[in-house]
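Order of writing sets the chain letters: A, B and C. Residues in each chain are counted from 1.
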Amino acid sequence: MNFFKKTLIATAVLAAPLVMASDAPLKIGLMLPASGTYAKLGTNITNGFKLYIDQQEGKLGERTIEYVELDDASDPSKATDNIKKLINSDKVDVVVGTVHSGVAMAMAKVAKETGTLMIVPNAGANAVTGPLCAPNIFRSSFSNWQPGFAMGEAVAKEGHKKVVTITWKYGAGIESVNGFKESFEKGGGKVVKELKVPFPSVEFQALLTEIAATKPDAVYTFFAGGGAVKFVKDYAAAGLKDSIPLYGAGFLTDGTLEAQGGDGEGLVTALHYADGLDSETDAAFRKAYTESFGKAPDVFSVQGYDAAQILATGLAAVDGDLDKMDELSAALEASVIDSPRGKFKLSKAHNPVQDIYLRKASGIENKVIGVASAALADPALGCRR
Amino acid sequence: MDLSIFLIQCLNALQYGLLLFLVAMGLTLIFGIMGVINLAHGSFYMAGAYMAYALAPVVESTVGGGFFSVIALGVVIAVLLGYFLEWAFFSFLYDREHLQQVLMTYGLILVFEELRSILVGDDVYGVQAPEWLSGTIALGDVMSYPHYRLFVSAVCLVLSLGLYLVLTRTRLGMMIRAGSSNREMVQSLGIDIKLLYRIVFAAGVAMAVFAGMIAAPISSVYPGMGNQVLIICFVVVVIGGIGSVQGAFLAALLIGVVDTFGKVLLPEFAGVLVYVLMAVILLWKPNGLFKAG
Amino acid sequence: MRYLSKHTFVIGSFMVLALFPLTASTYGMDLVSKVMIYAILALSLELLVGSTGLVCFGQAAFFGIGAYSVVLLSPMSQGASLLWSLPVAMLMAAAYALFVGALSLRTKGVYFIMVTLAFSQMAYYVVHDTDIGGGTDGIYLYFRPELPGIIDLDQPVQLYGLILGSLVLSFSWLALILRSRFGRALAGIHANEQRMRATGFSTYPYKLAAFVISGAIAGLSGFLFAVKDGFVNPEMLSWHLSGSLLVMIILGGLGHLRGAVIGAFAFTLLEEFFKSEAIFHTAAKHWHLGLGLSIILSVVLLPKGLVGIPEQLSNWVSGRKTTRATAGKQ
């Protein structure tokens, strides 16, 4: 009842200006981290997004694009106010964001209440396309479950039986490990120990010793950014790299290989993007991106680029009329997004149904060596659509 | 846990404790002697780590590289920076309420973090340990221990001993200790307390920067790294007893042990253990383990 | 005369806040609601820091406990009654404050600061690491508390009214407390605790009572925050928030209740200002720099915080040395 009332009011408020002016500029709120630990991810997502829009000459359909950029500083306690500011004060038509899962959760709630179109270009919290799923909420990246699940299949196929997992004790890490465990144990293996490091501590030595004492066949891990660099270096320094193979969700070696200084060499990880995919779309994207920003794109740039593609596809289906959210949603569920990562569709819960690649680190590249799981769909537990 | 694993864990605990002490040392000095609650200490640590990354190529091309010349240059810059900061931002604050200094250092954190973002960017970087320290020694049948970590531990021990001797055995140390317990008295004895403070502050900053530089090959270099060590450093200093070098040393080792074994034996509570330890110790000894001065 | 103008200022400000919804946009009301919630929280800390001299570095824990209480105690299918959920949230925060205060008041000075930090970190890790509150991603409040027929908090104006009312009540309550015998005892403790004790005055119960009152008010602000956003997250209990709160009350001016409110407004609005893309364009992403520099500047120029400005001005006008000049020459 409550929710219906709000949606009605919200649609009524939103509808008024839009119906009259569907060729008025389209305002896009980019709510991404510009400061703090995730600042670089925010920049790359923004770059990817803007690249696609620039390729359409700054217009989607008849509507020119205007950006409102807001630094969410990865702070969940300010997230609700920030997205409300974009919607109520800056009057954006679409919100794109963000990296941090807690912030994305707060955003999704507001988006669901106001009916504003929201596209998540990174945050992998399963809930965003689970219990929170809505006609107006989309994700261009992945769910934490996906790379973990795909890796579990692959590690089981390798014939490993006994695995130790290690991650930070926080949402993304735990969801990733749970995905891994699900498929790995289905494949006949056993997770003998689930090690967790208090977030955001990067002191791994005690747990590395624990791994050495357990002597598993392999280790699965989820770390990103500074933690990923340090974990891979420490793992190698402890002499474990040669004796116990290390597998991980792709963020372990994405954007971190250079900093890992050779210790990441040869690591096998699973992710929805890789170097050396050699598709036409990917080659064109890489060339354009490098020309525009002077450096090679990464998985975050791809997610930003695809967020723009999803927006473009959806808008085209409803002639730029964001009032027709149900039509837009149905059209997107039926379309194929021609992403640099390979073509993908959106599930009923609006998460990409995508190939998860196996990649092997070589130099500063994560070279594709196969597909860990083809057209993998998140189970979208708790989504009632 | 068998004996060999237990011994390796003890080594881990010791090593982590020493690393903590290295970072906390500068804080003990500034905090204990000048009474300044320096929230920007973590920023100096971060500055050090970024210097280790950014100065290396510069030094390489001008004076021909070398681990020690990079560190020497970093420390010189740090001393100048500390001297300047004390003169510009702190010297007029001593007569004010303590909390004004907190506000000042909080402002500095924001400024430093943003300058880092503007100057070096938001990427994560790795710093290589010098060639001659890149080996490892074998521990048990699967594990090995990097030489560099042992080297860092040794440096920590030497430094802490050095600091202890300077504070207890030299004239400068006497003046510093006297200044911390009674400013007016020291001033009336004709010692320039302002200069003394400036020296202490510069030394504290230099220690934080040094810690950042020497820890960089182990910790790698990433945004926000300063804020992460800040709180744990305060915990070390406070448990040990403010201003006490021996206390901080002991506290750092204690935290190393609790953290290391906590992660292994009580993984569910690993995050909170250090704070429980601090609360228990302070309720038992309200002035820390060693009350200074 | 000054006494009168202080009252005029406070009452006038509350009047402005009360009339604000008449002209404001939805966003404006959201922003001011947020600031008022922080102002209540800052007031609760001011009672400890400014009035009693107890520098608490763990206020975020009480705030977070108040917020999590309402979320966890609300039934899944409908809103909880405002009649019991609000007092319960305050009570939970006050209970934790009683526990923390009872133990941490044994220590002094910086040690006290750190013990309060330790206890707030414990609360932080409980909600961060366990499943009771949704873990790191946080948890939603699906239905706002209600008082059928009287208050409907889904109406922005009524929610605004509740927040403003809470602010006015907290302010007045604290003002009354500080003027009572109890308040004078706190001031005595702040000025010279040893002397109080030497005259046979047991200070501990007074400090503990201040702690509990402060916790309850912080719990109130946490409750309001959860109700306003409908979402709580462990970061609400983090030491970053405790630190920002200290900055707010110091910036506003310690030792004055209105300083806490002014500080909360100044701090939040400064942040909004430097973040504004319309004013700073691409430089807006470096908003920390502007905020940091203004804080440093305020330390240099405003030794008594923002509330000290009138005094500094009148000193300056009457040609006497400013406080800063005298302070510098001592």
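Simple rule for what comes next: contacts are C-beta pairs under 8 Å (C-beta built on N, C-alpha and C of every residue); 3 or more make two chains touch, one makes a residue touch a chain.
Not measured: the values here are computed from a predicted model.
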Tell me, please, which chain's centre (mean of its C-alpha atoms) is farthest from the centre of chain C? A
Going by the touch criterion at the top, tell me which pair is linked by more C-beta contacts: A-C or A-B. A-B
Quick check: how many Å separate the C-alpha centres of chain B and chain C? 32
At what distance in angstrom does the C-alpha mean of chain B lie from that of chain A? 36
Could you list which residues of chain C touch at least two other chains? 125, 128-129, 286, 288
Residue numbers of chain A (touch at least two other chains): 35, 169, 198-199
For chain B, jot down the residues that touch at least 2 other chains. 113-114, 117, 271
Under the touch definition given earlier, write down the residues of chain A that touch chain B in their complex. 35-37, 39-40, 43, 169, 195-203, 205-210, 212-213, 215, 225-226, 229-230, 233, 237-240, 243-244, 255-256, 258-261
Could you please specify the touching residues of chain C with respect to chain A in the complex? 25-28, 30-31, 34, 125, 128-129, 135-138, 140, 143, 154, 228-231, 233-236, 241, 275, 277, 284-288
Along chain B, where are the residues that touch chain C in the complex? 31, 37, 39, 89, 92-93, 95-97, 99-100, 102-104, 106-111, 113-115, 117-118, 231, 234-235, 238, 242, 268, 271-272, 275-276, 278-279, 282-283, 286-288
So in the complex, the part of chain B that touches chain A is made up of which residues? 1-2, 5, 8-9, 12-13, 15-16, 113-114, 117, 121-126, 128, 136, 138, 140, 142-146, 149, 218-225, 228, 259-261, 263-264, 267, 270-271
In their shared complex, chain B is touched by residues of chain C numbered 49, 55, 103-104, 106-108, 110-111, 113-115, 117-119, 121-122, 125-126, 128-129, 239, 243, 246-247, 250-251, 254, 286, 288-289, 291-296, 298-300, 303, 327-328, 330
